[in-house]
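Structures are listed in the sections that come next.
In what comes next, chain A is part of two complexes: it sits with chain B in the first one and with chain C in the second one.
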Partner chain A sequence: MKAAVIVFPGSNREHDVVDALNRASGSKPQLVWHGEGTLPKADLIVLPGGFSYGDYLRTGAIAAHSPIMREVKARADKGTPVIGICNGFQVLCESGLLPGVLLRNAALKFICRNVDLKVENSDSLFTRRYNPGDVLSVPVAHGDGNYFADNETLDRLEGEGRVAFRYCTAEGAVTAEGNANGSARNIAGIFNARKNVLGMMPHPENATDPRLGSTSGKPLFDAIAEALA
Partner chain B sequence: MTTTYPNDLMGLSREEYDRVLAIMGREPSHTELGIFSVMWSEHCSYKSSKKWLKTLPTTGPRVICGPGENAGVVDIGEGQAVIFKMESHNHPSYIEPYQGAATGVGGILRDVFTMGARPIANLNALRFGDPSHPKTRHLVAGVVAGIGGYGNCVGVPTVGGETNFHASYNGNCLVNAMTVGIARADRIFYSAAAGPGNPVVYVGAKTGRDGIHGATMASAEFNEDAEEKRPTVQVGDPFTEKLLIEACLELMETDAIVAIQDMGAAGLTSSSVEMAGKGNLGIELNLDLVPMREEAMSAYEIMLSESQERMLMVLKPDRQELAQRIFDKYELDCVTIGTLTTTGRLVLKRNGKVEADMPVQPISEQAPQYDRPHMATPRKPQIDAKDVKAVDAATALTKLMGCPDLASRRWIWEQYDYLVRGHTVQRPGGDAAVVRLPDSQKGLALVVDCTPRYCVADPEMGGMQAVVETWRNITAVGGLPIAITDNMNFGNPERPEIMGQFVGCIDGMRRACEALDYPVVSGNVSLYNETNGQAILPAPVIGGVGLIADIDRTASIGFKAAGEDIIVIGETLGHLGASLYLREIAGSEDGAPPAIDLAAERHNGDLVRRLITEGKVTACHDLSDGGLLVGLAEMALAGNLGAMLSLPNMLVPMHAFLFGEDQGRYIVTTTDGAHLLQTIRGEGIAAMKVGTTGGPALTGLPGAPISLASLRQAHERWLPQFMSAADAA
Partner chain C sequence: MKARVHITLKSGVLDPQGKAIAHALGSLGFAGVDDVRQGKFIEIKLTEQDRGKAEAAVKQMCEKLLANTVIENYTVELVG
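Then we have the complex of A and B:
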């Protein structure tokens, strides 16, 4: 598998996702600096976590207009799998590859802790090693993870099976109590219509080693490695 | 002939100004006087503290570089070195908490990566005023947001820290930030300039008028005009810092750099003077070339600006283009602003005019040094436990677990990204953070500690205890403590009783470091922490670094399984003087702190570490604030598993037994208590079984069981509740 991890100025979790992909697939992804002229051939494109361009305008907003994102969009349109995690999810929303927007957390504070996630749809390249209803323990680390879209969009996402993960309680109940950041309908991750693009706020790459607290994120990388082997 | 003194001596005394005149042989220009003023400020010159700092042990077989450089460097084997330091940003954080704390983090990061290290962890030690003081919430909220805002964005995990509250910090909070980095032991970068003719290159953010005279501000007491000092606080840009880290580390992969130093306190002044001074060279700068973001800055303003995210480098002459290419990639300025000379003089030009021409060496070598009068702190009486109010265990424990100094800090550390980089093995909330080294089974145990109430009661014991507690915390996760950094926070050194606290703490620290083979490799001194003559409780904060040979052979504090034996290692004598029980339950801050037996500390700790690495214990926790029962409760909450206690015959009253703060103790759990007791006692170390793990409560004490649910509520509720009142305000 050849994966390309796009590095924007201010990205900071690129090595975390490189390690997770490397552990799952046995091949080390290529780091691609945003300013490099062309995007190399890749079976998977990753937009990692961090604070691209300092997130000074709006999270992900400046990176979404980076020239390399035109290339990422073109590849996504042709069907190349793309995963955006945390800041990467924000970039995907800002660039129009995914609907909606990530607002400031409801509690108005950065939050770093393990959250419980309910798998909604296992019918995708990314989630096929999970079963619907599985409850995962995966860390979040963000200040702006509060997913928002209008009701029409939310209905469409749900109707088309495009909600990948929701925040829930440890028992798997999708309730306000289990909602880490105030996201609309507890949404933590969504697909595009073709399900080759996944955006999610939690960090599965930080849940792939038992020593680091959880291995709930490992099946996601195993699934990618298996599908793209 | 009598001297005419300028109206504004910029913080220098008349005697110091006389010294300036002697060095210069004439009256200094405005810019020259500004340079003397910051370089001879307490913050930059350590003029009151140096005599005493010199007595600390700073060498050892692992030490590659001790105090005097940007940070300390310690060998951790296999060609790697750990580089670390702690620094205060107390005064700026009180004036403007968000930016003050944020730039504190930024500054200490630069001290570490300037030496060639990739920063892998941040920690912090915070002291705030009484929770009921009207400013406390505002300061906590701002400082925590500032530390998170900066550290989260640069992508360095904030893995540990400590926070205390006490009325003595009402007008003067403490914000001490520590960074730990990893470098190749044969690729350490130093600040001594070399090679006359070599270019002096400025990289990073542009220079503005922010932070002018910050170092001088930090070297004086506060009074009511603290608010007016806001313009002396710098403004941080973590995004630029992130780019600066990557650009510098990329350049450090090449052979381009001769010397490098960050522009921290006193900005371009201290970096240029120190680099030239250490290299016995002169330096000539054309200030017109300095990248500026404001119009018409004077030489004085350029030299004294403390704008953030800037570095000064000496490059090999044929490598300027290479550096330029790397900094262009990150869209950062990289400008040659001068050259090294053989004149031994600092020459500054601005708009074609020489604004300063002064000898470099005397600025540091003839800096004033003071042996300030010091008065020993009078001994406090020993407190007899029989004279201390006894309260039933459940009531006292619940109150202690929810008191401001012991309540859960979750509200704080959940605002920090403690996971980024993907190597955090032990998260905040344990005895020490454990961070794995990339591509390795090895790890580092990291911790910061200080108990100011001990330090004020008996500076020598307090200084000793701060060192020992870091050593014990590192030991309790299975790490081998290898070196420390110190951050000495005290009041006005011109008062003999304050200077006496400083001298006492240093003496205690020295004795502990010597006994534990635990050298000081870097540090920082922050004096004049007083407002309107009210000094803080002295806080010699210690940052400890330990080495873990195998991250799969460590311990954590949570009870692991039901039915395991709980063993206390070390002697329980029921010392209540200067304890949390005495303060929170009996309402007194009196008494001598617990004594420390350094030989016993080492003996007990070395055994505990061995038990952990040999897999003989299932959990471990050192005993400190709140004593035995608090330690047990913390282990139970962390493991979400209670305990059935069966206390042995006590020779002291029960409240002293349960809440005394005797030092040198650990609690461990094991599947085979009898065997472990035999092993420990075989080493001549006191040990006793105090119960068995299991159930949803702490049982076996007089009175009803203490449910974990109620303890958790008391422990977790206080801080969020306190802070949410601020949101409502």
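Then we have the complex of A and C:
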């Protein structure tokens, strides 16, 4: 599997995701600086976490208009799998590859802890090693993770099975109490219509080894490695 | 000429920062603050001399980058 991890000024989790993919697939992803004119041939494109362009204007807004994103969009339209984690999710929303936007957390605090996530849909390249209803423990580290879209868009996402993960309690209840950041309908991760693009705020790459405190994110990388082997 | 762009959150979009500001004003003893909504102000110096063209260009800038129209409204004012 050849994976390309796009690096923007201010990205900071690129090595975490490189490590997780490397361990899952046995093949080291290539780091691609955003300013490079061309995107190498890749079976998977990753937009990693961090604070691209210092979160200026809006999170992900400036990276979304970086020249390399035109190429990422073109590849996504052709069906190349793309995963955006944390800031990568924000970039995907700002670039129009995914609907909605990530607002400031409802309680205004930066949240850095493990949260519980319910797997909503396992019918995708990324989530096929999970079962719907599985409860995962995955870290989040964000100030702007409060997913927002209008009701029509939210209904469409739910109707088309495009909600990948929801915030929940440790028992798996999708309630206000289990909602880490105020996200609409507890949404933590969504797919595009074709389900080859996944955006999620939590960091599965940081839950792939018992020494990291959780292995809940490992099946996601194993699923990707298996599908793209 | 200059363009002054105001970007505000659409009504119905929760503004936790505005709420925090309202709360802080209350703590400082300012009575009668019913609600606060915060936004952005961006000033752009333009070389374009034609007002119509300038306005059209700045509106495009807003649509493409300066505002996220999923959650924000914008107004453009030309001065000078």
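The working rule: the second predicted complex is superposed on the first by the 229 of 229 C-alpha atoms of A that agree within 3 Å, B and C clash if a C-alpha of one lies under 4 Å from a C-alpha of the other, contacts with A are read in each partner's own complex, and residues count from 1 in each chain.
Everything that follows uses one rule, which is that a residue touches a chain if its C-beta (ideal position, glycine included) is under 8 Å from a C-beta of that chain, and two chains touch if they have at least 3 such contacts.
Just so we're clear, the structure is a prediction, and the values are computed from it rather than from any experiment.
Of the two partner chains, neither chain B nor chain C is touched by A:P219.
Once chain A of one complex is fitted onto chain A of the other, the partner contacts of A:G10 are limited to chain B, with no touch recorded for chain C. Of the two partner chains, chain C is the only one touched by A:F148; chain B is not.
When the two structures are aligned on the shared chain, A:L103 is found in touch with chain C, with no touch to chain B.
For chain A, the partner with contacts to more residues, out of chain B and chain C, is B.
In the superposition on chain A, A:D19 contacts chain B only, with no contact to chain C.
Common to the chain B-facing and chain C-facing surfaces of chain A is no residue whatsoever. Of all residues in chain A, only 9-10, 12-13, 15-16, 19-20, 33, 35, 49-51, 53-56, 109-113, 139, 141, 143, 203, 205-206, 209, 211-213 touch chain B in the complex they form. Residue ranges of chain B in contact with chain A, taken from their complex: 145, 148-149, 152-155, 237-240, 242-243, 329-331, 413-425, 427, 436, 551-552. Across the complex, chain C is touched by residues 57-58, 61-62, 65, 94, 99-101, 103-108, 146, 148-150, 182 of chain A. Contacts from chain C toward chain A in the complex involve residues 13-14, 16-17, 20, 64-66, 68, 70-71.
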